[in-house]
Amino acid sequence: MSKKITSILIANRGEIALRVIRACRDLGIKSIAIYSDEDIRAVHVKRADEAYHIGPAAPAQSYLNMTKIVETAKAAGADAIHPGYGFLSENENFSEMCDKNGIIFIGPTSKAMELTGDKMKCKAVMKKAKVPTVPGSDGIVEDMQEAADIADEAGYPVLLKSAFGGGGRGIRLANDEKQLRQEFEMASAESRAAFGKAALFVEKYLERIRHIEFQLIRDSHGNSRHLFERECSIQRRHQKLIEMSPSPVVDQKTRERIGEIAVRAVDAVDYLNAGTAEFLRDPQGNFYFIEINSRLQVEHPVTELVTGLDLVKLQIGVAQGEELTFKQQDLKMNGCAIECRINAEDPFYEFAPSTGIVPNCNLPYGPGIRVDTYLYPGCNVSGYYDSLVAKLLAWGRNFDESRIRMKHALDEFMIEGINTTIPLYKTIMDDPNFIKGELSTDYLERFKILNKMSENAKEAAKKSAKAAVAAVLLQSEFVRKTEAIHQSSMPKSKWKMMRG
Amino acid sequence: MQFKVGDLAEMLEGEVLRTTDNNSVVVKIGGKQHTLQLLKSGTDEFEFLLDNSFHHAKILQVGTAEVKMMIDGQPLVVKKHSKLTEVLEKASAIGGVGGGDRNLTSQIPGRVVNIAAKPGTEVKKGDVIVVLESMKMQVAVKAHKDGNLKEIKVKQGASVARNDVLAVIE
Amino acid sequence: MSKKITSILIANRGEIALRVIRACRDLGIKSIAIYSDEDIRAVHVKRADEAYHIGPAAPAQSYLNMTKIVETAKAAGADAIHPGYGFLSENENFSEMCDKNGIIFIGPTSKAMELTGDKMKCKAVMKKAKVPTVPGSDGIVEDMQEAADIADEAGYPVLLKSAFGGGGRGIRLANDEKQLRQEFEMASAESRAAFGKAALFVEKYLERIRHIEFQLIRDSHGNSRHLFERECSIQRRHQKLIEMSPSPVVDQKTRERIGEIAVRAVDAVDYLNAGTAEFLRDPQGNFYFIEINSRLQVEHPVTELVTGLDLVKLQIGVAQGEELTFKQQDLKMNGCAIECRINAEDPFYEFAPSTGIVPNCNLPYGPGIRVDTYLYPGCNVSGYYDSLVAKLLAWGRNFDESRIRMKHALDEFMIEGINTTIPLYKTIMDDPNFIKGELSTDYLERFKILNKMSENAKEAAKKSAKAAVAAVLLQSEFVRKTEAIHQSSMPKSKWKMMRG
Amino acid sequence: MQFKVGDLAEMLEGEVLRTTDNNSVVVKIGGKQHTLQLLKSGTDEFEFLLDNSFHHAKILQVGTAEVKMMIDGQPLVVKKHSKLTEVLEKASAIGGVGGGDRNLTSQIPGRVVNIAAKPGTEVKKGDVIVVLESMKMQVAVKAHKDGNLKEIKVKQGASVARNDVLAVIE
């Protein structure tokens, strides 16, 4: 494990592949990209030192094809594989396959990954390590009495969940014991009817929760550090849209307290490399561990901006057996960073996917602005892969400075040819609840943000009305003049085609 | 001519008064005269200063009655208003003419992952007919009206483009 | 002076106009741009809230036309004028004219500007304030005896300079008193012959000097802070090319010591707003004040990256009478920043100016990278104005991290259609002397950097040789196929025009 | 064909072996066979993978004997080598033919701020003939050879483009 890495195959695409390529370059490591048929003109192919074709567009046959990727890594002479996020990043079989083939997997061991991937097992380990988890039963409850005892301990309201349910189905809310009895009977009957047996468990119902996570890094010598928190409460369909650090509700004392718990969590599973401990926070300020994400996260640049650290470079260092060079107390939080995930989705039309060629784009820049993206003029936004096309980040000395910089960077960000979530974020940056830090995972619905966005769009149309009419007049005038010239065969046009 | 901009209630009167040699155009919009200073002018892209402020227009589609554009990064439709368009709008408000109304089209490009309804059956507006997948998301395409599902035009696994006809409802 | 500013006219162009526009936007202040005939399609015209035409291309008739600019400011209702750097930024008459017209000039008072603009007067004030200046005579020396006394005090070698000389002419070096006598006689005779009288002064000759400056800000309540140093020793023809902070030869103790002197310097002239105290540093570690630059400097972003402050926002705050909110001890230096000035000059051909349309360009981005530029695809690089087209900055936790990020950002920075100084900076980033921090104002000549650059270009050609031949083969094949298609009138080409 | 790349001493042999349907071209360069995977191909711009590495070529000028290009951001001249070019090179090395040699041209665009020499006088190689200004820099244009300054083709204050003839020296 203490072999110096000289070349890395990046088993991913899009902005994260480019991000890893940059880190490789900075470390003097050869970067090796892979690409599907769909991605031959993608930016990661152009920027890597080498690029290998690995299969058709469909992920199963390319970016998820473990055998092909390991073969390619061996043929190209790669010392290590960086999985990015998504695809094979949390696949313990892949990590193991790398291991068996003498390739360093830049991420946790397959053993740690297996444990963090099993929520029930992981929860049990955490309880043993005194990491607070969401109160409730450890597994399936035997009968109504056990359910009532657990509910008493956890405190009402509680949720009654069917082990066979999923996606919100089979979940029942109980505000007191009487209601719990009613619901328990009905749920048991329902479950027996559908699946032949009742398998229910009890969990405390958390309302108005925030999603707050701690970035962690742990080396092969057992040193663990937390790199502070990220607030990721603004979500849609359980997917994060906006992340920031610090969280408006985490003060230095809480940061240290929960940070220590997060460190305990990764120590408990003998974790390796970068990872994230995710917590729910209720309005009373209680934190409940929910899971460890055993990979580099999409939102890692938020942490990079407030710590000054380069997480991908750290990952590579840890993977080649280096010891972390900083102690917990060496780390200082500097200012505030916000990230908006620019997705190729239409926020005015139920976030429908939007794909195709981007004929032109303009990336924002300026003080405090960072963009991680695979976009370039002429690039293809493919329907085969996920909708994240860019991550826009703004750093400021405080929340307000970063928020205002973000707002104006969103104004500057121009992406032609596809719809994106930019209009949504513009609305959020100006929303008084966001400004007050009044966040929760139901933020979008709670404050009717989509309605506000539509109103803002109408306001914008009002402001642009004159210019829009002017454009129509110019367009028809241009056509008229062009036709007149064609008809009269005049050699020269006063309305020359100007290149601006 | 009168123009209706986006969803705005008021109409805007607009006309070109004259064009000059040094790439400027004098127009009258909403009763006020303005000089447009042209920075860029082409078939589908215009850049100009209006009241000393810069604007960028990308013309997406020009119809006889309306122009679709991106103005300063925002999509906007400007309708050329006339007696004719009024008549047309009333007609379409009453309930559509021609076959366009029978077709259920795809609003997004994607792959067909599920056919959720049977041809020949009665469907209600809002019933899921086809499920598409794009960008790892599943998007349900729902019936746009009550009626008989005459035909499903796509097969499971097929790729569809935006505006492709997925089914016919009569 | 304590009027809240709601709109600012920016009496400048290029990247600095855009920089001020961004600061205005972030503060909710209306930005008003001005433009010459040459600049109608310039980016500052597009990004400002309003833009006014002020005259023909030649600066004297546009960006230097004080009356026209003040008239435009009044017509547009501007509360204040930001002069940027260059043009009217250090013109005390312009500052005064603004004052008389009730417009806030964002910069020092005309009185302070007049004083800092007169080197001899300023030197006298500094000596009184115990700010160390270059040892030598305070003015013209009377006779040889005075010259010898001053030389004794300053220490040999000394320079004998003619008050009528300029641009290096009439400067004589003396290593001891004997040589001084000889040179004094010859120089006196020469001067009498040419100008009718001898007017010589004596100054200590400083060898292998570094140019190190301190950023300062002073509010209207008399609070002064220094924002640490910038090392600007890499120059060509006395123009800075690369700046960085911290300087490799300034430790915390020296920083505090010279910083205090710099504060004393601005206090001595009752300075207002942002300014820079410039020093020379000899190899023995002595610092000599040379002048105050009474404006925002080109290289101000270097300081922004290591302090986290937004200098233009600070300038605007000070101009509207606000008190600085931070004490000296609140400021911490964070990491290292390097700036390369990307000039439209050909470093392979005596830095000849290179102008014209830039059909395409690619701005670098990624962790730690910031670009301030007026470039965009299709923009015009005009011969009427100076050659700075972009400032590329790289921040890192330490010098090496910022240096390596800079190196790769330079690789990524593509500017078509003109020559730039990018190849020079690529060579410098890899130069062992630069890496060691072995800097001086004669750095380029001393380490034969231009020769190294040419060698690097040859090396690059060698590496690209195969690809270049491949490109020639593709090009001729493309022409052959296209012709074949035209001749046979085939409707379809296998070699379709691909848009990448 | 033999190619001379930039200032490199060695020649490189290069030829196209075959082109395939899926936008790839098999070539032989320096005795080794390579498959070029084309990403972009047009009259003046090519993007391709060579030995799994990306290259971008922008063709600036195509002559019968040489091609000027930007390859991966670096300017480079590739000469097509043949007996004819050898002969031409030798001839030009001896001392130039035709009138091109009489003309003193401007290497940069700029404005004439000073005429530093008098027509009809003898000048030496390196003497300043004209001073141009561009980007606030003064650039001296010096005589390219000894001779008689026959004519100065520009006036003080005039704008000149790159490669404009400034003076004639015979």
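Just so it is clear, A, B, C and D label the chains in written order, and each chain counts residues from 1 on its own.
Everything that follows uses one rule, which is that a contact is a pair of C-beta atoms (placed from the backbone, for glycine too) under 8 Å apart; a residue touches a chain by one contact, two chains touch by 3 or more.
Quick caveat: nothing in here was measured; it's all calculated off a predicted structure.
**Q** If you apply the touch rule, which chains end up adjacent to both subunit A and subunit C?
**A** Touches both subunit A and subunit C: B, D.
**Q** Let me check something: if the centre of a chain is the mean of its CA atoms, which chain is farthest from subunit C?
**A** Farthest from subunit C by mean C-alpha position: B.
**Q** Is the C-beta contact count larger for A-D or for C-D?
**A** Pair with more contacting C-beta pairs, A-D versus C-D: C-D.
**Q** Between subunit A and subunit D, what is the gap in Å from one C-alpha centre to the other?
**A** 50
**Q** Where the centres are mean C-alpha positions, what is the separation of subunit A from subunit B, in Å?
**A** 32
**Q** Can you give the whole-Å distance between the Cα centres of subunit B and subunit D?
**A** 51
**Q** Please output the residue numbers of subunit C that touch at least 2 other chains, ranges allowed.
**A** In subunit C, the residues touching two or more other chains are 41, 499-500.
**Q** Going through subunit D residue by residue, note those that touch at least 2 other chains and give them in order.
**A** 39-40, 47
**Q** Mind listing the subunit D positions that touch subunit A in their complex?
**A** Residue positions touching the partner: 37, 39-40, 47, 49, 51-54, 56.
**Q** So in the complex, the part of subunit A that touches subunit B is made up of which residues?
**A** Per the touch definition, subunit A meets subunit B at residues 344-345, 349-356, 383, 385-387, 411, 414, 416, 457-458, 460-462, 464-475, 477-479, 481-482, 494-495, 497-500.
**Q** Taking the complex as given, what residues does subunit A use to touch subunit D?
**A** Going by the criterion above, the answer is residues 40-41, 45-53, 76.
**Q** Provide the residue numbers of subunit A that touch subunit C in the complex, in ascending order.
**A** 19, 22, 25-26, 41, 301, 304, 308-310, 334-335, 357, 362-363, 365-367, 369-372, 376-378, 397, 401, 404-405, 408, 499-500
**Q** Write out the stretch or stretches of subunit B touching subunit A in their complex.
**A** 3, 5-8, 12, 14-16, 19, 21, 23, 25, 27, 29-30, 34, 36, 38-43, 46-48, 50, 55, 57-59, 62, 67, 69-74, 76, 78, 80, 107-111, 134-137, 139
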